[in-house]
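What follows is subunit A paired twice: with subunit B in the first complex and subunit C in the second.
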Partner chain A sequence: MTLQTPMPETAAPLLEVRDLVKHHGQVRAVDGVSFHIRAGETVGLVGESGCGKSTLGRAIMGLAPLTSGEVRLDGAVISGLPYAQVRPLRKRMQMVFQDPYASLNPRRRVGQIIEEPLKVHGLGSAKARRAQVIELMARVGLPADAAGRFPHEFSGGQRQRVGIARALALSPALIVADEPVSALDVSVQAQVVNLMVRLQQEMGLSYLFISHDLAVVHYIADRILVMYLGKIVEVSDRARVWKQPLHPYTAGLLAAHPSPDPAGAHRPHLRIEGDMPSPTAPPPGCRFHTRCPFKVERCASEEPALRALNDGRSVACHLVEVSADGIAHAPTERTAAPIRSAEPALPLSPS
Partner chain B sequence: MTTGALPHTGAPPVLAVRGLTTRLKTRAGEVTVVDGLDFTVHAGETLAIVGESGSGKSMTALSLMRLLPEAVAFNAGGSALLNGRDLLAVSEREMRGLRGADISMIFQEPMTSLNPVMRIGRQLEEVFEEHKPELSRAQRRARAADLLKLVRIPDPERVLDELPHRLSGGMRQRVMIAMALACDPKLLIADEPTTALDATVQAQILDLLRALQAELGLAIVLITHNLGVVAENAHRVLVMYAGRKVEEAPVAELFAAPRHPYTRGLLRALPNPDAADAGPRVPLMEIPGIVPALSALPKGCAFGPRCPVALPACAETRPELRPVGRGSAACLLVTPAEALA
Partner chain C sequence: MTGLLDLWRLFRRKRTAVLGLAIFLAIVAAALLAPVLYPDDPADMVAPPLLWPGEDMAYPLGTDTLGRDIAAGIMHGARSALMIGGISTLVALAIGITVGALSGYYGGWVNDVLMRVTEMFQTMPQFILAVVLVAIFGPALTSIITALALVSWPPVARLVRAEVMSLREREFVQSCYVIGMSERGIIFGQILPNCLTPIIVTASIMVASAILTEAGLSFLGLGDPNVLTWGAMIGAGRESLRSAWFLVAEPGLAIILVVLSLNLVGEGLNDALNPKLKLR
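The block that comes next holds the complex of A and B.
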């Protein structure tokens, strides 16, 4: 079970987020988050509404000033800089939004919408830009006659293609995609997900793919960050997040995912009770302890740090233990009602 | 998947719908949004109606509840017998008596269905004022508290005095369910009841609905776009496309052996982490194109233009539903013999 690493670990990450904090008044939306994205990698960010995942995406994009912490692109700090200095860097990072109905100007033609970033950055002659728009439209699978039409003439899936073409116009290295397929019907969702995977292969893009849907994130992401109440509680990878969740919240999240596959019926049955507490007053200690079926006294008083395990994962839970042979054990494995009763914990191969 | 096919003891269905047809008046003329729909639901059974936006699944629910405004929609045929009474034929006055008493409905967004400036207790008591005028005020309050207990709301006395915005989305949906169950309905129509909720809360609400069904013997029509929700909660499934039923089957059979190419496409379009291993990504199966506009349906099969296995005949002939396996499917390519093979 090897982790696919598109680049050697030693190369500077494309994006690095260090201890990012973003508060809106009393709301501690993002409360100290660190992670990185390597070139060509897709990092999935999953969590429920109010966990801070969209705020984190917007903060990384510089759409909202940070309360503290920093964002680095190719090793250089890009947060907290004056706009004039950030602007050239913005070409490297683009965003795709959830709602293709709200994020496209209804009074602009599709060709103008896709061309706009090129104009803003003063790239190319009008003629060269138009040629590029045609090429971008072809790349995302829009018909050539789309350029002269308005967004309302298109279906949701086609509009999301317009949003993606616009994001690609400046040949970015990183695309932050915030729930890009959540507003789409199932049959159209697959089209857009496949398109994003294909574009990544063709253009070497990196994605931060933000979604509440663990199945979609699992499909598209190489590594997966699980967020709860402003904090990352687990960093896992595609190979392990579904079958070997470490944090009880991750386990509960995937147990809650209704599976269309009869095989899913054999999945662990762990119910997370109650609702997420308000981010204005997160619980003391572990933020998840109020809903955690495995909590012990310590969890209510002492906040668990996100600790890196030697198998490449990270987890913020007091109850995850690493045995002498280096294998991490989820708390659920030691309880009377095990999460995965049917299958023994798989040893993580050292590779 | 907790449920198999429900063995019917021969009891008549709670709801029997025959040829339900609803037409909508639009600027572009009239369109048929529900086209000749047949189905039944028995006590203790959940029938899922699944489809994408524009398939007519919500229109079906609103037609049965007679909640579509007359100015824009009308019933153009069919019957819907609820314990023998035709919901489509009774007077509006009779319908008012049935709604909330014999047949109830819960919606996707509980906040828009609750009065934001009225306390929860008062809203629950209103149901009794309408349907059980003989109850005293104290009795109504006690019943309201009982209902909140029924839907597992902790501290019901406190919640009775809260305004809706003080409750979480999950709690609000529990209140809606309590309200819907106030007068012991035989049939509950749940239209995307968990779509607006987070995954962990969605699981709680679906657990609750299953438990209540077992306790009360409710017949449930569950309308959803989520095939995972269908698989884990329904006994039978009806798949709609462009206003028509294209397939119906017991849940296990539908997922094990989907007959209609549209159903197959929907199932394969979903990423399936349970089946996935750590190997390279296999592209998701796409259904090309988009759902057709109801005002411009093709002459033959409505799914034909998007169907990967369509024959020339599919463009000419609209397929009728034919029995196949333990269900039925509307596809020229599906024959009972093929299904048995």
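The block that comes next holds the complex of A and C.
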């Protein structure tokens, strides 16, 4: 067996998504996604732009009605409720938006923006609220004089801190962060991600961290969902997603990043070519087969299900094989001829 | 407020806009001073008829066929023009903003129904519709204002609808749903304040066109007989156009000035409030 500690399955997970489908007319943005988030856990959701990850985040927050499926919070269904019944649930789950320029009302002062959630839910007196705003600002590292200023007076990173402070105001259990650092400079990204990690440790938050950047997700997430064209293709964990990706698409995402440690340099470099097919007409069979370097006949006709492996991971690929000792093998290792290796001239023995 | 100061700085850059504002303020001043300078009823016969402008300095703009002071008429006419234009525009804005906000915010069948109604009003020629409405309700001040409001709200509704539809999807509005703000709070506190800019610009043009339509109604004899208006003055002076053209020209000039000034102000506001031009 593996070293993984078994998770208690008794209590309902904090958030549970079951067979979530969201179509915008012809566009099948999210096409049957299931996963859960436990309390205190950070789940990363990674995929190319247009794969449906932001739509999934918005659907979970109830910002867009689902086509089908359900979302449960603390075991209770929250999808499909009228807005009046959703409002009190906002104290449990909050959201941080991608664009810190667009997500703050340009006509409100920073203090008002952070106070707004408290006001909306009638929490505390005006005086208590103001004190809490000052505390929240200190918590996210905003200067004390920020309260009286307008969002346009701040840099992108500072504004995202405002967005995070607003999300924290109601002390939620879960924060859905939709590409929270993608609009920021690389140097600022690390600061904001570190802030989010620190806040999680301090407040015991759970995150659904959505990003197109596997490196950022790898840094913050305990568990990682890889999404392609409206479906989850792999569920892995922080350590193994980097060292041993199973799905060829995950391997392709990894290849786009320079390796953080010398050990990782051993992993095969897989280049994914072409663009994602249109989500209005996803290809038959495996959705990735049009770009997959390992595809076999079966991939074009039969859609692989997301199957759970006994090491805690899941993958949707016909070519991932589990050997007798219970170890899963990515197609890179056995199925096809080795593609390109980062290693200098590894002698290949002719078989 | 720094906002207003910034606005003035941008507004001032356009000379025609400042000119328009100056003319408009002069007309407002005339309207305000009318009861002070001419406390008597401007419909009173005060002098010999058909005095030419400048002939008697007590009546600088002359007198009409009944010996009424035209200067008094112009100033009191400014009062009624601004009042009718202003109130009817406010009523039209109230209708237009409500219809536009509801249809833009809720979409679906609400939008379908409201937009079909709006289109129904838009397909009818404004002026003819106003004539018909006044003919039905009778020539009283309230019915004229009602008629003017009823013919001028559709463009506001369409404008507000488009603005609301786009603002609703903006992230800062979405963030209000995320914090659980009430829908009323979102519409009145977040969406509408952010579409004020185009509404203000449209409103200035609407006042002008309401004044113009009212003048047309009065000219046709559909005005309130108890209220002195420029349109009615032109209508009365029409008969003696060849012998005393100033009877028509003076109130006509007043109408041109107020409409022109409001258009210039509207254009200036549009430029000053348009963020894209600010970058230049």
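Throughout what follows, the second predicted complex is superposed on the first by the 315 of 351 C-alpha atoms of A that agree within 3 Å, B and C clash if a C-alpha of one lies under 4 Å from a C-alpha of the other, contacts with A are read in each partner's own complex, and residues count from 1 in each chain.
Note that in this section a contact is a pair of C-beta atoms (placed from the backbone, for glycine too) under 8 Å apart; a residue touches a chain by one contact, two chains touch by 3 or more.
As the structure is a prediction and not an experimental result, all values here were calculated from the model.
Contacts of A:Lys127 after superposition: neither subunit B nor subunit C is touched. With both structures placed on the common chain, the touch criterion links A:Arg90 to subunit C but leaves subunit B unconnected.
Of the two partner chains placed by superposition, only subunit B is touched by A:Glu273; subunit C is not.
Subunit A has more of its residues touched by B than by the other of subunit B and subunit C. When the shared chain is aligned, subunit B comes close enough to touch A:Gly157, but subunit C does not.
Shared-chain residue A:Asn105: touches subunit C; no touch with subunit B.
In the superposition on chain A, contact of A:Pro117 is made with subunit C only, not with subunit B. Residue ranges of subunit A in contact with subunit B, taken from their complex: 1, 48-49, 155, 157-158, 185-191, 193-194, 197, 212, 214-216, 218-220, 238-239, 242, 252-265, 267, 271-273, 275-276, 291.
Of all the residues in subunit C, the ones that touch subunit A in their complex are 170-172, 174-183, 185, 190, 193-194.
Touching subunit C in their complex are the following residues of subunit A: 58, 61-63, 83, 86-91, 94-95, 97-99, 102-107, 116-117, 120-121, 163, 166-167, 169-170.
Residues of subunit B touching subunit A in their complex: 1-2, 52-53, 168-171, 198-204, 206-207, 225-233, 252, 255-256, 265-267, 269-276, 278, 281, 283-288, 290-291, 306.
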